[in-house]
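Both complexes below contain subunit A, partnered by subunit B and then by subunit C.
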Partner chain A sequence: MKNLLTRCALRLLPVLVFLAFGTGAHAAIDGLTGTTFNLTAKAGYLSTAEGGSYLMWGYANGSSPMQFPGPTLIVNQGAVVTVNLANELSVPVSIVFPGQSGVTANGGAAGVITREAPAAGGSVSYSFTAAQPGTYTYYSGTNSDLQVEMGLVGALIVRPTGYSESNKIAYNHPDSQYDREYLFLLSDMDPTVHEKVAAGLPVDNAAWWPVYWLMNGRTAPDTMTPANNPLLPHQPYNCMPMMHPGDRVLLRMIGAGRDLHPFHVHGNEHKVIARDGRLLSSGAGANLAENLFTSTVVPGATSDAIFSWTGAKLGWDIYGFTHATQPAYCDAAGNPTASYPADRMSQTAADRCKPIPVALPNQTDLTNGQFYSGSPYLGTLGSLPPGEGGYNPNSGYMFMWHSHSEKELTNNDIFPGGMLTMMIIEAPGVTLMNP
Partner chain B sequence: MKMTTKKIATLLPALATLLSALPLCAAVTVQCPGDTNGDAQWTGAEVQPANTQCLHLAAGDGFATMADGHLQYLFSFKDVTGVPPQQVMSAGALAAELPGPTIKMKEGSHVYLNLTNVGMMMRPDLFDPHTVHFHGFPNAAPIFDGEPMASISINMGSTLTYYYRAPEPGTYMYHCHVEATEHMQMGMLGNLYVTPLQDDLPDGTLLGSHTHHPDPDANGPLPGDRYVYNDGDGSTRYDVEFPIQIIGFDSNFHDQHIGVQPLPFAGMKDNYPMLNGRGYPDTVNSASLPAPVIDGEPGVVSQKVSAKVAARVGQKVLLRISSLATVDFYTMTVLGIPMKVVGKDARILRSSSGQNLAYSTGSVTLGGGESCDVILDTAGVSPGTYFLYATDLNHLSNGPEDFGGLMTEIELTL
Partner chain C sequence: MNIRPRKSQVPAVILALIFILGASGISWGAEFWLRAQSFTKTMPDTGEVVTMWGFAQCSDGSYGSCSAPTVPGPRLTVPPGDATLTIHLRNNLTGLLTEPVSIVIPGQTATMAPVKFTDGAGRQRVKSFTTETPADNSTTVAYSWSNLKPGSYLYQSGSHPALQQQMGLYGALTKDAAAGQAYGPSTAYQAETLLLFSEIDPVLHGHVAAGSYGTPAYPSTIDYQPRYFLINGEPYSAAVPPIAAAAQGQNLLIRFLSASLKYRAPTVPGLYLDLVAEDGYPYAYPKRQYSLLLPPGKTLDALVPAVPAGSFPIFDRRLGLTNDSAPGGGMLRILSVSTDTSPPSGSVLINGGAAATRSRVVALTLSASDLVNTVTGMRFSWNGTTWYGWESYATTRNASIPEGADGEKTIYVQFRDAAGNVSSAYSDSIVLDRTGPTGSVVINGDAASSSIRPVVLTLSATDANSTVTNMRFSWNGTTWYGWESYATTRNATLPLGAGVKTIRVQFRDALGNVSAPFSDSITYAP
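Now for the complex of A and B:
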């Protein structure tokens, strides 16, 4: 297994580059904003982290390459949204918008569920008013059993009235306020389907047996490489949440595959404040929110959750401040002084200046993770043996966020991989690469 | 799966050789305040500090017997609390339990959990480290989270001490997080729950309309008030509790493992769904199951956690249900007694304004890593045997035996 970890570590080199140098700030969730979107259904190839390549069908932004998932459409509440769909595939395709009322379809040809863009050059146009804020999905309403598996699915985000850069809210209530938002579009995939479509053979959907599990269209560890990674031309979105202690992170979760996935966030519980684009409310904000350490992500459904982390109640100082190391912050009796940094007070007051109450084993008795800083303390770089650690240049706290159906942490029979990523909590003052 | 005790005997010196080849610093070193002889207990002149709890788990391999008699190789934990450090390696060898020892904490306690990696006797080709992941711990720090990529894990022959301030009360779970798909499918998991400080209130304390009585009631079936959460109103009060953990084994995976074959991750399909490491009817055996028989010779007793629920009519029965299945979701029902869900994922079901959101239901559905607290109010229920079972009826099986699986009995007596 060690060789697999090493292989995994090599694969993560871009992560290090990403973390150390960044890719420039970009606002919130990647996607397209506006009121009119021109999507093109076309074919392309999906790369899996262990080296696989599979035919996909996806929605592209106009003449851009096919992408999986499709472009995240970000619109404002109340906007009249038009989605024009052109079709370059050899089969008719369409789009349905679950959760939107009064969708009109124009042009194209009649289909079973909605009007379709006919094969090879056809087009159709959809229009609706984005009446309610929230997280939604869109996907093909034509042979959905096959076409969604092939990749014709994406996210739709409706920003509430009153949303601004200085007032980030997911719904029309302060309970949905957040500092950073991330998309978690979860899907599963049976490569046999894609191979058969590529070969022009009939597909048996009943024989579906997934061996890939994806977050925003990528398998781990590719989830952790930068967005718009040129090595993944058809999978532009990454999935690597970052925060500072005390921040509120919004998770926009979408079940875009066929199976349920128990999504577990290490580090703390998360508060599910909305499902399917509606606040969990009996009238007073998100008063019916659920605090969960694992939430079930359901196919075709969406949910929004707020995650926060403070380091409270651990019983020791997460920054490792003691009288010995920081006499200005901690007095001889082990109590914080007035100089204790104000930006490090999210932890419980009684825990400040208290060291970890146990001794850690000798380095030779330990296996160190590639994301371990070498120190138990946040923002502190410890010494590690050569070749160990190294993928945590700012010595953040990193927590795995993953499917707890552990089988899904594999890429076509190879562990580790699949539906996992690392969430990074950086020490105060460390610049976050994707704010 | 074929193996012989002779083979095991052959492997013992192999492991000993391996361990002696480790650096000199490798050692079983227990940290437990007030304990001077390293057995993680307070005996003789040793003084237990207030609100302090120590445990010592050995992580290694072993065997369990499925309800249809099929022998399964597994990885898991053994409770070696009380074992002198120099004996831990031998006490832990081939002694892993399914599930791992149940861990019970009191909210706010200082918990020192010592984890010693005793190695895998039947897989001397492996050098896997191990961890304990306290699943659901709020505001965790990576160092004690047990997720190996962002933290440390302990190598064979050595001990890592985890420190926790026992968090908010509720039903959590624990498991090894190293090579999680493999180690969890192999069985490195167990029940873990935290009891609330509200249990310790003085007799007569008013909790809303409920008066707290901690002492046993000699005249009735109530053994004294205990609560799932610090509810403030007695709404999560129960009399008897039963941790019930759902897991699944894919026998092919385990058989390939002991056969030192490539592990079938992509083909993983659990065919032995279990409650507390047992399929029905073993679930209702209130004692430890007999030691697994390995090539005609008894091994170490490894299935110690019964899944039988026994109560007296009138009692409130708390089921602490968790799932650490690595493949499937399961839905559990109780036939004949209403289920009241009072908590989920170690949080009381309350609105942000304090409204009680506990609900009555006929079933609960859990994926891996999810838990819920279900109270069965047996007031007015006729004495008899009731069943807790999976409504995914195909999981009522023990491998090829189409009977058993995810089911246990609730025995109600007067």
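Now for the complex of A and C:
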């Protein structure tokens, strides 16, 4: 057990580095942009957080290392997209683009579902017009039962014509407006398949039994380490949503594995506005959207949701402002003054300047986790015993976002792990370090 | 597989009575005869022989003429007008393990008679949801539904369902709200494909064949692990041909049904499906998706409006794509949509076929039909070369003849079908005639004078594009007598008082165009 804890702590070390220093914010999903993409199907190894290493097949960006999931392709609506696929694997591979109509395939060899890049050096080219905005997935249409499990899957994002840095929308309607976006590509994995492929043994996919559950290609807690972590050379994407109170966060959810996953968010519900790249609409915006706290993520399907968290309705001031602590912001009657900071007003007006309605326990009565800042207030660092609270240097609020099938919070029978990450809400003014 | 029911014989007297009572929507009861039977199925790729229980379709209550049993059982298609359904069931299961069977239809109301047994603890427990049909191949039990709803449904055994549904005792039952409409006008379709998803765990079937199901060797379906993944009773293999689903431009209805025990996720990468109904209930709004989640026991109906031509793979994205462990099989089909190259044919009439008009505004009557698809568009031209833009097809439309001289005018129309095929040009002509007749009037053969007031008028008028039908007269050019039929002679009486008398005449053609006045004079000298 001690060994495990040590390993977990080592694994989490990058979280600390990441949260403390970060790389600057651009609030967009990692991926490749453009209209022409050169992908190469090749092999590599996937690391699981408890120390496993498994043979994977993935789509690489050109001569870059194999990656899982494949590169997130980010294109603009109306663009004529060309995907050239080269194949370094010993089996034929291909790509299907569900949700894109009129995909043409050139070169390669005929397959059952689409044209394929022949084994060991073959190539094929796909082209389509990205006619409609939305979140899509792509994956191998060749022996998909094996090749999707082996990792030949990725995300495709089509930005709407009305999109700009100052008007971030997922679809051509204000209902899809957002401040920052995150990808949640959920998959599952049976290591037996990968071991048998590595050993050249026949695979029985009818007996598939997953024991790993992944978000954007990583198991927890690796989901929370930075993107392009050199310790995870074949898993460049992380999965760590961050926001400021009041932000609208776009969740792009993709079922990339074989099983259904109940993706559960804490902190607030989320409004599902689209499925399979189409706004849930009868004609007037996302008027058929639905509020959920758990989205069923279906294999091969995508959905988009808007999550927001404002601090509203808690009944107390999330920043800990009271007349005693901030007389400039709060008058003697416990009401906010005209000087109350404008960037802290997302919480309900009646909650401003109200003290937390509990007597905070004495620090010596607490067992502190590494994520506790020592204070219940957002952005406030409290006093902590030596060595505690290292993972939350900016005193954010952390909400676990995870599969609600608790079995899926393990890495090969070891808890915690699997399909789990944290949504970190940082105080206004704190630079968000992911992405 | 698609079997229509035999009609009940309703005595003519009763029909007459219903007629007299003024009842509308006379219902003919749909009636089917099914027989549960054991058979073996050889699986592709592996050659594994699996014992199945399926339904066979029989022609009548004698059970003398039956088709081979199948899994799924025969599709039962109930005509739109039928409110009642009766399925007669016989049970010819054979082998080391046989059981009484029954029929239930989730989603359709029926009077159920659950069958119970007493377990080891003395408790009454249900073993069949409704009356059982014993495996004696002689007892026939009738199962009836009196208020059958439209939609897509599974019929299945309601006895020991954990075993019997898995063994294959299920099938599809469909009823449309009206001919060509699944649930109403918004779900009208021209082509239809039914896809029934199911699975086989050969180990379970093997224990049924060996009589060891329900023994410690294989206690129950709890150990169920499917190894074959089927659509319409067959896993994919190279021998499975594409499904001829529709012709280009048709509205394609796809009925998804699942007799699987696992979730399936049918996906069509090249198309979007408008999900229109679930469990036989239409949605308020369609859900547009390229994939759908198909839970066990569920039915989902999807419409693909104006389906494009091509080959569209449809497969289970939960990756039930193996035949046992062999890849390249399972729940995969190719939907083939044929190209529609036949254009519509049609006609156009101006003003109901009239020969001429004096108004530039005319009414067009249009008619067009297409062998494969619906006619969706039309466009017009007044010269056969310069065309106005495409507009929605309609059977009537007003049009304006272009400015210009009178004469024969021809309108050309082309029709377009949902697949984009454009017809040749159809035309109709009409004469535009806005000019009155020309003519003359002569009094008394152009005599200079008359001593008496009665005179004879000689009239002559012609019209370029029509016929002269009327004339009227005036002695002063302002006060006119009424219109009368055109004639070449007419008697008239000169006004009182000596002097020069001038008669004025106007002629009118059949379209109503009126000529300028023509006149002649005579001196009245009494």
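Simple rule for what comes next: the second predicted complex is superposed on the first by the 417 of 435 C-alpha atoms of A that agree within 3 Å, B and C clash if a C-alpha of one lies under 4 Å from a C-alpha of the other, contacts with A are read in each partner's own complex, and residues count from 1 in each chain.
Heads up, the rule we're going with is that a contact is a pair of C-beta atoms (placed from the backbone, for glycine too) under 8 Å apart; a residue touches a chain by one contact, two chains touch by 3 or more.
A quick note: this is a predicted structure, and the numbers were derived from the prediction, not measured.
Peer 1: Should the pairing of subunit B and subunit C on subunit A count as a clash or a fit in the superposition?
Peer 2: Result for subunit B and subunit C: fit.
Peer 1: First (subunit B), second (subunit C), both or neither: which does A:Val96 touch?
Peer 2: A:Val96: touches subunit C, not subunit B.
Peer 1: Could you tell me if A:Ala312 is touching subunit B, subunit C, both of them or neither one (first, second, both, neither)?
Peer 2: Only subunit B; A:Ala312 stays clear of subunit C.
Peer 1: With both complexes superposed on chain A, which partner does A:Arg278 reach: first (subunit B), second (subunit C), both or neither?
Peer 2: second
Peer 1: So in the superposed three-chain picture, is A:His264 touching just subunit B, just subunit C, both, or none of them (first/second/both/neither)?
Peer 2: In the superposition, A:His264 touches subunit B alone.
Peer 1: What is the contact status of A:Thr296 with respect to subunit B (first) and subunit C (second): first, second, both, or neither?
Peer 2: The answer is both, since A:Thr296 touches subunit B and subunit C.
Peer 1: To make sure I follow: the centres are taken over C-alpha atoms, the vertex is subunit A, the ends are subunit B and subunit C. What is that angle to the nearest 10 degrees?
Peer 2: 80
Peer 1: For A:Leu288, using the defined touch cut-off, is the partner it touches subunit B, subunit C, both, or neither? Pick first, second, both or neither.
Peer 2: A:Leu288: touches subunit B and subunit C.
Peer 1: Which partner chains sit in contact with A:Ser339 here, subunit B, subunit C, both or neither? Use first/second/both/neither.
Peer 2: A:Ser339 contacts neither subunit B nor subunit C.
Peer 1: When the two structures are laid over each other on chain A, which of subunit B and subunit C touches more residues of subunit A?
Peer 2: B
Peer 1: In the superposed arrangement, which partner chain does A:Phe415 touch: subunit B (first), subunit C (second), both, or neither?
Peer 2: The answer is first: A:Phe415 touches subunit B but not subunit C.
Peer 1: Answer with first, second, both or neither: which of subunit B and subunit C does A:Tyr397 touch in the superposed model?
Peer 2: In the superposition, A:Tyr397 contacts subunit B only.
Peer 1: Enter the shortest inter-chain Cα distance between subunit B and subunit C once the structures share a common frame, rounded to whole Å.
Peer 2: 6
Peer 1: Could you tell me which stretches of subunit A are touched by subunit B in one complex and by subunit C in the other?
Peer 2: On subunit A, the residues that contact subunit B in one structure and subunit C in the other are 260, 282, 288, 296.
Peer 1: In the complex formed with subunit C, which residues of subunit A make contact?
Peer 2: 96-103, 112-114, 141, 143-146, 148-149, 202-208, 255, 258-260, 275-278, 280, 282, 288, 296, 298-301
Peer 1: Contact residues on subunit B for subunit A in the complex?
Peer 2: Residues of subunit B touching subunit A: 23, 25-26, 29, 31, 33, 110, 112, 126-129, 135-136, 138-143, 145, 147-155, 157-165, 167, 177-182, 184-185, 263-268, 325-329, 344-347, 351-353, 355, 357, 365, 367-370.
Peer 1: Give the list of subunit A residues in touch with subunit B in this complex.
Peer 2: 1-2, 175, 211, 260-262, 264, 266-269, 282, 284-294, 296, 309-316, 318, 356-362, 364-372, 376, 378, 392, 397-400, 404-407, 409-410, 412-416, 422
Peer 1: Using the touch rule from the top, collect the residues of subunit C that touch subunit A in their complex.
Peer 2: Checking each residue of subunit C against subunit A gives 225-227, 263, 265, 267-272, 284-285, 287-291, 293, 308, 313, 315, 317-322, 324-325, 327-328, 330, 332, 334.
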